């Protein structure tokens, strides 16, 4: 017999805390202190239906996996659960209006356009999570800016009637030298989550990297795979290595074809835009200084299991537990690329985690331009596959990376934005736009296949120049009180 | 006997599609699938008068040349053609008001001014075609910006009473070291089209390059020539080489004195501003995602005949079919200049097609500064004439190019804007302004003739520095959500 | 028997000038010409209560120390002192409203945020004193900007579970490699003044440098010390060396553990924002040109005792009068660091005085990057402790300085702003935020203790590039009248 | 017997053209075609009183000198001259209001401030003449910007109690290493003209350079000299060398102590802001294209006599006609400095004429930094005095120039602006501010006399970097139509 709403509602504090998720009640009283996101957020829903808040942050199998069966209290008669009178929310009303006036998908002509639309129509907190980055977000923006310091030296009068930009990554043939890189919490942007990306990737024959911190469960994402579609696994290494072993071996069994171990996130970043977007004003009655809001944004909440002790010494163990190629994701200097070759992994991703971790980390493309000449000098450039991600918005960005020696290029946020703005058709159009640009620009640079791209086609002399005007230092500029010239005097009152 | 409007109006769909152009009806049903601009645009005018839309895009001999005589249905009694009730168009009304308040021609003091006026008074779609460029329009703007990184080292105390800035290009004496370069679709800016430029070029004794994609027919433009005026031919090479041979040999016969083969456009560019300006909102009743607008802007529509297979191997054939000097237009690196010398052409234009093709292609002036020292080193600098185009707005820009070794400098958009804003007097004033600036600045740099200009008069040390603050990355800056400082809290309601 | 207000009020001009401070009257007639801040400011309060104006500028023991006992006229019956009818001041009203709507302390996520809040709620003149700097304030802003030209080369796969960022400066163990540097006039920001900083520094186990120009007396600040908290003394050297000797030996006796002699301020700077904020319009009846306002801002007023004759020759004398380590604060080129080593001091602070002295002095971080390679080359890098200050806002800034060889980093204005905005909790939160950032970023750069930081972890290639776009040249940009394009003509009146 | 107004009014066209100046009538009919400023401007005043327009452009002795006595028609009874009903001019009314609310002189704290005030209160045309420069005004702004790319390396712990910044230029002792450089048409800014500058220069013991194109006559300016005040002569060389000889020898006789021959102006510059400010709209009834406005701004009007044939060959002649030291004003490259030494002149001014001649000419300070090392290398640095001008606004700018080897620094526009805003007290305050800054900054850089300044005190590594973000390219940025993201769709009308 289903529980009644008023019964659940009695368990509404830390002493006895029940919550409803997807029509079932759970007793989370004992779990409260262990909740990675803190007690506060659960207590907000104590005695109530928490589904809407729960969903984007937790894969559906979370309660099964982590809450003892004895705490599963069974179904609730949802008709008896008191509907919370939704407060009027002028911000939400304005958002709904913006959604109603959303541009047509056909009006999006490039990857930036999806970001513009997503920013208008996403919930503030979801936008805050996706769009935020570390500290002053200098690195996040530098990632794209860096491409603007590389210029082309195209060759002309080459027969470019037939252009083929398919390529091979980690042994997999793919239609484009890009892949969908791992990004967390897909359901913040779309109620279906990461499977939307899976389906769009299939449409365009593009590889998808499955994130550890997906909103969908790993198996849901694998189940969404079609035909001979290829997926990789992105891994945050758990302090408990048995859990990690299970994840890796399960992924291999389910057909994943590459293991991308994240090495740039021993702790997940402070992202102030995210934190600010989550701040809830306790109202005007509370006196300043009395409340303590320890919220650190979504990233911290979901990542407490990550092992900051992961080190080079762990790599042989990974090689021992899987036959998947191993790629280190987040390498940031040539010295560590050389070490990666030494320890025998198959690849590295030169990446700063989309600017979400260490601000003033350099862009992947700059590290690439530093790395490849040294590898070539030592005859090591064929020993490893080098990927980069971060800031890619145009096919020209992809081509620049490939000219400089990358095997492939990861794209993350743009697909999230396309999904948030237009769902699967949005992601598919984003991929199609990249293909259109790719075909055009391969022709214009005078190459008909990926292997013809080489460093002589780009001018990188300015890449390493970081004058500090771009990306702009917004906070410091905002708080600076600029010098003024003398003001006019008041009018005489006579 | 003339056809009646209602009769034509019956043929208003893909099954039977008639259109009226300049008072005559044509059956284009069978031609629909072949139309380079797509069926959609024709079907919009099926059964109706298409003259206004037809004119700027098609030279007047188009229907004669490409539509079988049997499809020419003869004159229409235009009095019987239903006038479309023009919808009220507040945008067009505002434009008409701006036209009424247009500044006097005398108020234009430099080439930028014409662009400012043209932008205000041109139709949005026409402006979109002229002003747009590839991707983020970085290269288009870099073309002008690059000149701003070159500074003068003028010499003083030279007798500069008499200044002569006439020069010789491809054997032709001309009054100024500039020429009117080829630009497409002149009738978008002025109902008379390219002949306006021909006449203004005659007034000032300046060479004109005739575009393949002119709105006027080639012969109309040649017919507009006066006295010993000189014209060159710009050529897009057709997949059907016989067509190309006919065009080239006809041009030579009609007196063209140079053949400029475009080599930077195996496919015409994606220009998003143009695409966006052509987008027509199907209205609020259509649901997002259902329509498919495949419009790719005017450039794609008119260029499907261009041969992407054109290569170095074709050059000897061109030399065999004409005695005109051959110049490769769109060369973008010194390696290809060296090849051009090797294959024996008479010149190259260092150009990126006004930034309309490959974004992040470098400016002509930068390629020039890279090229000339290498040619001089190898004793090749007199073997070929080097032209540049792109971004030229001031006589100082021209002088910089000549100091660095250019024979002449092409100017395109500025003359189109002058024509669009003020017709022939506009173009003539633009040319006169350049002459005024030229005289002044030759004096100020301490030279009295073109051959005295040399590399020691300019400082190019900063030319190769591409920091990424300029040109601005507009899209990426627009979509970026800048960090904010804490907001004030709401007023207490007490 | 207490004096009456009307009696005091009779002495209201230069011939006989009494003022009330903290309920006591003083005859300052003879002192007027000697007042470092000029007579004018005292005469404004002649015959009246001057406490509010007096307090932030003068330590409480000032009158005791500098005014002869005979001029102490004793207590005033404050009930008899006429209350000045406060004029309506719309600026002050708006400020009070801004204070009422101040964000919660929890909404401050970084050091910039405190500056944003302080700017809104501080009195204009107080803000003017704290925030101003020399001339065009280029150096002040460059101090922070310079950090933005340094990028990280983080190492990955290092076990960073345990991170320790405590360190030792001048023999003192401290929890963070930063210290609270000396800043003047703390009571402008908070009625309690510098002791607020003392208490917060204790909370976080951070060293405080006591300023010569504090609003609190030296002893008050020392008295506020708790436990084994460590303080240093910042010293402006008095022309009268006996006064200086007394200050130094008193400080040593009271337990100060370092003597920081300011060497970059033989004269205190002109700070135009400060001067402008102090300007009082004499009203519309005064004719332009007739008044003479000689105000030079607060800095000049309080610093007339500083000895511009201080030189290297004085250093041995300092070494003879104290056993405290001696550090030269404000060294600005490597040549002077070498001299400092030669004369045997224990440290230098590479600093430009927060940009408040010589505009276009380089940032401390740039001088550091210039200095350390030369010291290392000569084997002198362990002979002296090098500190820097100026522009530090982020833990990444601190880490960059330490990678380049600094022992510690001084932070001044940010703590003043935090204190002005939120008092002691504000300063404590600012310090906590730095610790949070420090832990995160030590992990992300792959180091677990301060001694692991080294120059290979940063890329300083762009540090020495000063293109002039940033910091912006506000005044010159403001007064420049930009070129315009032609304006539209007026509407015809027909 | 005085003429009546109505009699004069009859001579109101080109056939018979009389004008009234300072109460006397003149017949200028025959002079019309010779008027350097064109006939049009005179005809506007034919038959009327032209005094107001005449005065700023012509020294008072102009009519005496250049109009035959027979054309002097004698006094006019001014009471009979019809007063022109002044049209309501809302622009002028707004200006008068701005004048009424002008800040007090005491509120000007630096040289920029005067420019801000002058811009508000000067007539548009006068402001247009003073503030304008060549083409895009890049060089004008670069002149100041260049100083911002030079940074200090100050030395500390130097006894700077006594600072002396007097120096010697061309044998003259002066209180400051600056001089008032020659600028034309002083009466546009102040009815008294250049003598205002003479008097202020006397107050501060600063040298004044007398301009050829002054509003006051040469003798008026010399007559205004007091005590042992020193003046120099700036010379535009007349095509008629006898006129030049007379000017030079008269100046020498009247005590001028230096002859500055302008060598950067064979033709006076096109200044579009000036031209635009002079444009008068003929009203809405005139059709576009019909009028011809040949106005080229004030500069062209007054300079037609300048000899563009002046060359190195003329220098010996100058040496033969005067004993004054000869200085070439406007030298712009080291090669020409070497030539100047060779021909035996006493000095050069490295200058680009305030950016008013050749745009993209480099700044004087950059040329200085290029020149001095080469002179030193060749042992020539003591053979000649090197001056610079352009963009100087701060004492730090002056100090930078002196560190790099300049003998003195010319300042022009800032004194004009100070004069236009506040008359003689304004100029005096401007000079005093420079002295205040000078004293402060000499101390802060650690030098007590001018001869201690040396190149080791500045860091010029960035001086030669001209990235093109600053100065901004206003016109090109204004006319550029930036890319946009998709717009929202209209609201559904349902």
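Note that the chains take the letters A, B, C and D in the order they are written out, and that residue 1 is the start of every chain.
The rule is simple: a contact is a pair of C-beta atoms (placed from the backbone, for glycine too) under 8 Å apart; a residue touches a chain by one contact, two chains touch by 3 or more.
These numbers were taken from a predicted model, which means no experiment stands behind them.
Engineer: Using C-alpha centres only, name the chain that sits farthest from chain B.
Structural biologist: C
Engineer: Specify the angle of rotation obtained when superposing chain B on chain D by their C-alpha atoms, rounded to a multiple of 5 degrees.
Structural biologist: Result for this pair is 90 degrees.
Engineer: Looking at chain A with chain B, do both copies bring the same residues to the contact (over half shared) or different ones?
Structural biologist: different
Engineer: If you average the Cα atoms of chain A and of chain B to get two centres, how far apart are those centres in Å?
Structural biologist: 42
Engineer: Chain A to chain D: how many Å between their CA centres?
Structural biologist: For chain A versus chain D, the centre distance works out to 59 Å.
Engineer: Send over the residues of chain A in touch with two or more other chains.
Structural biologist: In chain A, residues 102, 104, 107, 112-113, 116, 136, 272, 276, 281, 465, 467, 469, 475, 478-479, 485-486, 489-492 touch at least two other chains, as defined above.
Engineer: Touching chain C in the complex: which residues of chain A?
Structural biologist: For this pair, the touching residues of chain A are 135-136, 138, 263-264, 266-267, 269-270, 272, 275-276, 279, 281-282, 286, 288-289, 291-293, 307-312, 314-315, 328, 330-333, 335-336, 339, 357-362, 464-469, 473, 475-476, 478-486, 489-494.
Engineer: Which positions of chain B touch chain D when the two form their complex?
Structural biologist: 102, 104-107, 109-110, 112-113, 115-116, 119, 127, 131, 136-137, 141, 144-146, 148-161, 272-273, 276, 281, 284-285, 393-394, 396, 400, 422, 425, 436-437, 439-441, 443-445, 459, 461-462, 465, 467, 469-470, 472, 474-475, 478-479
Engineer: Given the complex with chain C, which residues does chain B contribute to the contact?
Structural biologist: Residue positions touching the partner: 98, 100-104, 107-108, 112-113, 116-117, 120, 467, 469, 485-492.
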